[in-house]
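The following pair of complexes shares a single chain, chain A, combined with chain B in the former and chain C in the latter.
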Partner chain A sequence: MVNSPSQRTVIGQRLRRPDAPDKVKGTALYIEDLDFAGSLWGGVLRSPHAHARIRKLDTARARGVPGVRAVITAKEIPGRNVIPMVQSDWPVLAQDFVRHVGEGVAVVAADTREALAEGLAAVQVEYEPLPALLDMEEALAAGEVMARYKVRRGEASVALTRSDLIVVEGTYQTPYQEHAYIEPNGMIAAPDGTGGVVVHGSMQCPFYVQKGVASALGLDLNRVRIVQTVTGGGFGGKEDAPSAPGAHAALLAMATGRPVRLILTREEDMAVMSKRHPARVQVKLGATRHGHLIAAEIDYLLDGGAYATLSPVVLFRGTVHACGPYRVPNVKVESRVVRTHKVPCGAFRGFGEPQVVFAFEAALDELAERLGQDPLVLRLKNALQIGDETITGHRLSESVGFREVLEQVAAASDWKRKREEYARERGTVRRGVGLAACYYGVGLGAMGKHLNPAGANVVVAGDGSVTVAVGTTEIGQGMVTVLTQIAAESLGCPPDAVRVMEADTSRVPDSGPTVASRTTVMSGNAIRDAAAKIRAAMEPVIADSGLPWREAVALCVQKQIGLAAHGWAVPPATTFDLATGQGEAYVCYSFSANVVEVEVDTETGETRVKGVWSGHDVGRVVNPTLGEGQVEGGVVQGLGYALTEEHALRDGRILNDQFSTYIIPTPLDVPEIKSVLVESPFPWGPYGAKGLGETPIIAVAPAVVAAIHHAARIRLYTLPATPERVWDAIRALPPPGEAASG
Partner chain B sequence: MADVIDLAFTVNRQQVRLRTRSDKRLLDVLREDLRLTGAKEGCGKGECGACTVILDGQAVDSCLMMAYQADGGDVQTIEGLAESGRLHPLQDAFIEKGGVQCGICIPGMVLAAKAMLDRDPEPDAAAIRAGLAGNLCRCTGYTKIFEAVEEASGVGSLKIPASSMTPAAPGYFRPRTLDDALEVLAQRSGEVRPIAGGTDVLVQAKDGTARRASLFDVSAVPELKDIREAEDHVWIGAGSTHTEMMESKALARWVPALPQACAVIGGPQIRNRGTLGGNLAHGSPAADTVPPLFAADAIVELVSVNGRRDVPIAEFFTGVRETVLAPDELILGVRVPKRAGLRAAFLRLGQRQAQAISKVSIAVAMVFQDGRPEWVRVALGAVAPTVIRALETEKALMSGGYEGLKRAKDAVRAEVHPIDDIRSTQAYRREMAAVLLERAVRALAEA
Partner chain C sequence: MYPTSFDYHKPRTLTEAADLLKKDPEARLLAGGHSLLPAMKLRLASPTALVDLAGIKELAGITKTGDALRIGALTTHAAVAASDVVRSSCPLLAETAAHIGDFQVRNRGTIGGSIAHADPAADYPNALVALGATVETGGAAARQLPIEGFYTGLFATGLGPGEIVTAVSVPTYGKGTGGAYEKHRHPASSYAVVGVAALVTVGGGKCTKVSLVVGGVSVNPVRASAAEAALTGQAPGDAAFAAAAARVGDGVAKPISDLYASGEYRVHLASVLARRALAAAASRA
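What follows is the complex of A and B.
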């Protein structure tokens, strides 16, 4: 039957992923699996210094190495030596100076891996090391500020002096986080034979790579075609960063006239690709004795690394979400991202929120203790509801399911009983439960307006099969499945008739990045726009014929009806004033809360997470299996952030650049995870959906740290909560008043 | 430059013969020579499991094996799992339960699950986690992967495939007798290094501190393979894998701390390949088989063309990654005296529950007579340049009782010399030595 778009059949179903069979069979082709005839091996010579002047850069010997086909330095770049991002400060290859360890200085292409290694080793570079700024506070003192934002609402400083307020204050530190996708970055570039280039690769944002490559080669965008290969994880790490290897491979391909494969090793990827920004957050938070939040002052500092890439946008998101999903009438947020001589940080799931949310939620937990209130009660009391304003003065008129989320995770986790019961534990190993929450503006919001629209091309073939091309990407999150469901639903065809193509810049107009949980909403709406046009063309022919889809299509073909359309989605306008930080920062928000249960070994400081109840208001659940998968994956990344993940650096060099030293959770480290999905539809979203990619990671670490406090009575202000830190904090506790424990 | 060698093995039930460069890993031959690209390279160091294949019925990391080590063997890759176009029940369950996201970890994950189910068709939840502990997934949080494996359980085939292929690799790369192996070492002493499980030396090769082209395989030497009980001792061949030691009844009885240690090493793939000899020869102060051997007064037997010699385990290590092993010598195995009434425990702390290197480890062995300690050994790992025996701590424990334990904790704090490094801190390691000591001693006293 051709379903009318109002009769829902596919939305909300656990449709099997169309991309899964190839992945379980091992036939899905990732970048490393592609074989281009005659391809060369490409590699990058990288700076060993955090900051140095390049005194001499001589490639003559390298060029003479047998098998070496090209050596390119900044001098040989035909276009601009810049990868355009928010600010145009990021060079394709270092020119005169290197500004972080691992910065590319030269690229080499060769016939074999051995010749490549020899060629790279034969490039002669003389560096004059210069003093390096490695500490974000020092960079701030030196005035190295890349971007700053603020929020001004009411009179926070004045309010915080009120004598009737309970005020808590703290300084919080969060570490680097590595995306740790299991597939390292890689690109294969090949000349297209007409003066242009085709670049295949692992990526999230083909249109970013396209701009980077076009800029480096000095080509028009229509000469640069980017094709996304099956991508082995991204999480933000393949958003801005792949533009560099993309440009490197393309430069070598154009110089040699041959395909060039440039695949990073794990160690290289960890050392030089982007990461979550380390942060320092100062929070001062005041509430009445009854627990009404009155004022907050937040100073948020991010370490951006050597180049701005996406740092300003990351900072913006953190800034406007600094006080979480709560009513706070008086707010002052001061935020800055500083330039240091370290690897540039960029996008990572949560995008500037996990750091500041950790700090704010930890302060809130402390405030609850000071007030003698249950942390759940305190949050419910201040939870944003329809009609309330966010700290940027955005009045929420729809789709706010936060209270329900809080209530449901509390019920599912048996919060109240555990809170009381575990507080009485006295043994060596003690249990605890903690709670934290967040909200997340969907889409790019006020800072990324020009990138916000998205397109889709939908073509119905004569046999009724449907090809959908969009500009956003499948990176494992399930876009292909969700968009298949939306296409099927909006066309009224069976889902197995739909094929969503891999992203290719030649198929659709620039549709912005695959980030910010915007894919379902933006590409979904673009598909609905195109589908509506096709349905409108079909309607007069099939009217109420009741024909099955394929026959209906055949009839339209017979009547020479064009069954292809371009769809375009532009989100509702928002207004925002950067001078005051007031306005509609995003069109709409997803809400989330987690309860985490832990066991803390008070002798070893080890924390075992026993359970996570993760609640999300996602507007509408398009596919519960995918929704739960996003939650489970995000939660586990959040647990890593909370407990084990961090980088150690010496002189700006990352010391732990492999999976045996950068510690992510294994199957033995994960607890039971229960997803609680709440639906409070977002009218502009496709079928009410808001997107769910990022919220799951954001409010995990503060819930873990709150649970550790509940179990062991210690407050941690620094992530991750390693056994060493927990043990140090326990040792620093005043001796218990009562008889010695365990 | 690497030589060219001939190889013969069974891949997905097909007999394969090929000629290739001798310095290729199994992963390279599968991906490049055979174009079986389902096995992925996520790290090249045995950490992620994305390159997992099944070799002779066991899950192995194909990035940590030389191709000639699979010569004559039976290899199953993901491409061979679906039979005549029909998905294997595991593959189907991964799709149905939503265990697949980006998919890069999935071929390895499915094969690790298959190897587990083939040996244990009805694993409980804990066994499923343990069976997948050598595979990282960054997308799914594992939950739906566990569900998929549970769904597919019951489909195992206890039959371990055996290849009918006659090995083709030249004996120089893969000697089949001890004499041949010693001959290779004697002829080219200093130029060549043995590879056994490859789980240390191929990590070094990737870091540039070892050369793949200089390796030769000792894992086919039968004299290194045995675990044998003699009248007054247990003999453990250097080629015994962690999995074999973990499952050995003789070891569980006579050196119980050793199988306990083997059970927490790495993940299944590492335990299936990594050997005792490699763990000793690598000389890491964090090597987990070593404290149990210290606590058992083990003797290391070394052999070269010039004969054999015995070295007490406490004299084997001379510094971080330094041992008394001469370039032309092999470790033949370890002799552990039997001791009636022995109880022993191994405990360690790592940065996570699997695929972790010890931050501090301890083995305690005791014999009790009428409830009082009669014989005590305490050895600690990762708290000094080599594994150490804590003699003062032992003395304190001999005095027995709570007082003895308290004094032993003080003694152990003084006897360890830990450092700050990327895994932990000096102060923490020192105190944890005392905490683990107490836990081990209490466990033995109550046993």
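What follows is the complex of A and C.
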């Protein structure tokens, strides 16, 4: 039967991922698996200095190395020496100055790996080291501000002086975080034989890479074809950053006339590719004795590194979400991202929220303690509901499932009982539970609205098989499966008739970037738009025939009905005033809350996470298995952020550039994670769906730290909560006798 | 990364192996390879040749003679951990072996390799020093070397050129004596950030003999003599264990400090783990 779109049969089903068998069997082809006949090895000579003037750059010797086919520096770039992002400051290759350790100075292509190493070593560079800004506070004092935002609502400073308020105050520090995608960045570029270039690679946003490559080569976009290969994870790290290796490989391919493979080692990827911004957040938060939030002042500072990439947009998202999903009538947020001589930070799942949410939620936990209130009760009391305004004055008229999320995670985790019972623990190893919450504006919102529309081409073949072409990408999150379900639902065809194509800029429309938890909503709506056009063409022919899908299609073919359509989705308008930070920052919000249970060894400072209950209002669950997958993956990444992940730097150089020293959670460290998916439909979203990509990581660290407080009575203001930091805080506690009297 | 290129030899006898080492001073012995191969991939080691010991039959196996176990150098950690004779006559060693690394490391890594590699974060040396083991060598020299004094610095031992660890001889213990191994494992590698081995003999209501060795805090295992002396002659009990454990730092002049843990924290961990190990050992005596 051709199902009517109102009879939902596919949405909400646990459809198996079409890409799963290949990935499980090892037959999926990642960039490293591809082999192009006659390809060369490409590599990058990188700056050893955080900041230096390039006095001399001589490639003659390198060019003479046997097997070396090309050496390219900034002056051999045929197009613009800039990777187009938010600000035009990021060079493809360093020109005159290097501004961070690892910045590309020259690229080399050679016949063999050995010749490449020899060629890179033979490039002669004379550096004049310059003083480097390595500290974000010093950069701020030096006026090196890339971008700043504010939110002004009510009179926060005045309100915080009210004598009837309980006020907590704190300064919080968060570290770098690695995306730790399972596959490092890599590209293979080849001339297309007609003056253009084809670049295959691991990436999230082929149309960003296309812009970067076209700009560097001085070509029109239609001469640059970007093909996304099966991609081993992105998490934001393959949003802006892959344009650099893409441009490097393409420059070498055009210079040599041969395919060039430029695949980063793990150590190189960790040392030079983008990361989550380190942050310093000052929070001052006041509430009445009954626990009604009255005012918040937040000063949010991000370390952007040497180039802006997407930092201003990251900062914007953090700024407008600074007070979480709560009603706060008086708010003052000042935020800045500063330029330092360190690796450029960029997009990362959560996008500027995890840092500020850690600070705000930690302050809220402290406030609950000062008020003598259960942290759950305090949050419920202030939770945003329909009819409330966010701190940017956005009145929420639909799809706010936050209360349900809080209530359901509390019930699922047995919050109340554990809160009371664990508070009485006195042993060496103590249990604790903590709670934290967040919300996340879905899509690109007011700051990125020109990038937000999405296209989709849907073609029904004569045999009834359906090809869906979108420019968003499968990066492991399950996009292909979700869009297959949406296409099947909206066309009324069986899901096994649908094939979502690999992203190839010559064959798919631009659907905007695969970021901001927008893919299900935006590409999904573009597909629905195309499907509606096809259905409209089919209806007069099939009417009430009751024919199965493939026979219905055959009948349409016979009647010469065209069954292909282009769909286009543009989200509802948003308005935002940057001068006051007031307006509709995003079209809608996903809501989340986590309960985390830990055990803390109070002698060694070791924390073991015993359970996580992670709740999310996602509007509508398209595929519960994939929803749970997003939640579990995000929570694990959040646990790493909370407990182990950080970089140590010396003179701007990252010291821990491998997984033996940059510590991520393994399956041995991960407890059972219970997903709680709440459906509070977003009417404009496909079948009510909102985004889920990012909420799972955001409010994990503050819940862990709150749980550690519950167990060990210590407040941590710096992430991650390593055993040594926990021990340091425990030994700083006053002896039990003093605590009782004080 | 990829290692630099190297030759590979698989000799059948110790003499052949020693000759290969003599001919090429940059050659290295390969046993389980779980320390050497990663070091080669990181280019921390670039040997010109690997001399694989796997073909030398006499290096395998566990035998018990009188009150000592003789464990061949190529015996894997998993084999020691699962060995009935080790578990019954020297449980501290089996317990330690079970703590090493992960499944893969335990299934490939060897006791001889661990002894000779002298990694400050290794587990075996701590237990072997506590037990008073003797290292047997062959090849260029055939000697019996007490393991206490065998270690001479960071990744350094008293082995001469061409001298190969062939076995380790470990005294067994029985009723009246208990052992325990406690460690703080590095979350990525499962190496011992700090590892503590304790052996306590209890008689007539007193701790009559105490052996306590701490690893990970210094470049080589350190015998915590002050702590041993503090507990010897005392009745076993929480206060006595705590008082002894508090002295663990006495013998550590300059503790190792790295990205994961400061020297001060390492000494603190050593003290906590020592107290737990002493208590567990005494309870098993």
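What we mean here is this: the second predicted complex is superposed on the first by the 735 of 742 C-alpha atoms of A that agree within 3 Å, B and C clash if a C-alpha of one lies under 4 Å from a C-alpha of the other, contacts with A are read in each partner's own complex, and residues count from 1 in each chain.
Heads up, the rule we're going with is that contacts are C-beta pairs under 8 Å (C-beta built on N, C-alpha and C of every residue); 3 or more make two chains touch, one makes a residue touch a chain.
Remember, it's a predicted structure, so these values are computed and weren't measured experimentally.
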Joint occupancy of chain A by chain B and chain C, clash or fit: clash
Which superposed partner A:Glu724 touches (first chain B, second chain C, both, neither): both
Which of chain B and chain C A:Asn656 touches, first, second, both or neither: both
Partner chain(s) touched by A:Pro667 [first = chain B, second = chain C, both, neither]: first
Touching partner for A:Glu239 - first (chain B), second (chain C), both, neither: neither
Touched partner set for A:Asp365, first chain B, second chain C, both or neither: neither
Chain B versus chain C as contact partner of A:Glu597, first or second or both or neither: neither
When both partners are placed on the shared chain, which of chain B and chain C touches more of chain A: B
Footprint overlap on chain A, comparing chain B with chain C: 265, 603-604, 606, 644, 648, 655-656, 658-661, 663, 666, 669, 723-724, 727
Complex contacts: residues of chain B adjacent to chain A: 31, 35-45, 47-48, 50, 77-79, 81-82, 87, 91, 94-98, 100-107, 110, 129-130, 132-133, 135-146, 267, 349, 351-357, 422-425, 428, 431-432, 435
Touch list for chain C against partner chain A, complex: 1-2, 42, 184, 187-189, 259-262, 265, 268-269, 272-273
Of all residues in chain A, those that touch chain C in their complex: 113, 265, 267, 603-604, 606, 644, 648, 655-656, 658-661, 663, 666, 669, 723-724, 727
Of chain A, residues touching chain B in the complex: 14, 16-17, 19-30, 32-33, 35, 179-184, 230-235, 265-266, 475-478, 603-606, 625-626, 628-629, 631-637, 644, 648, 655-656, 658-661, 663-670, 672-673, 723-724, 727-728
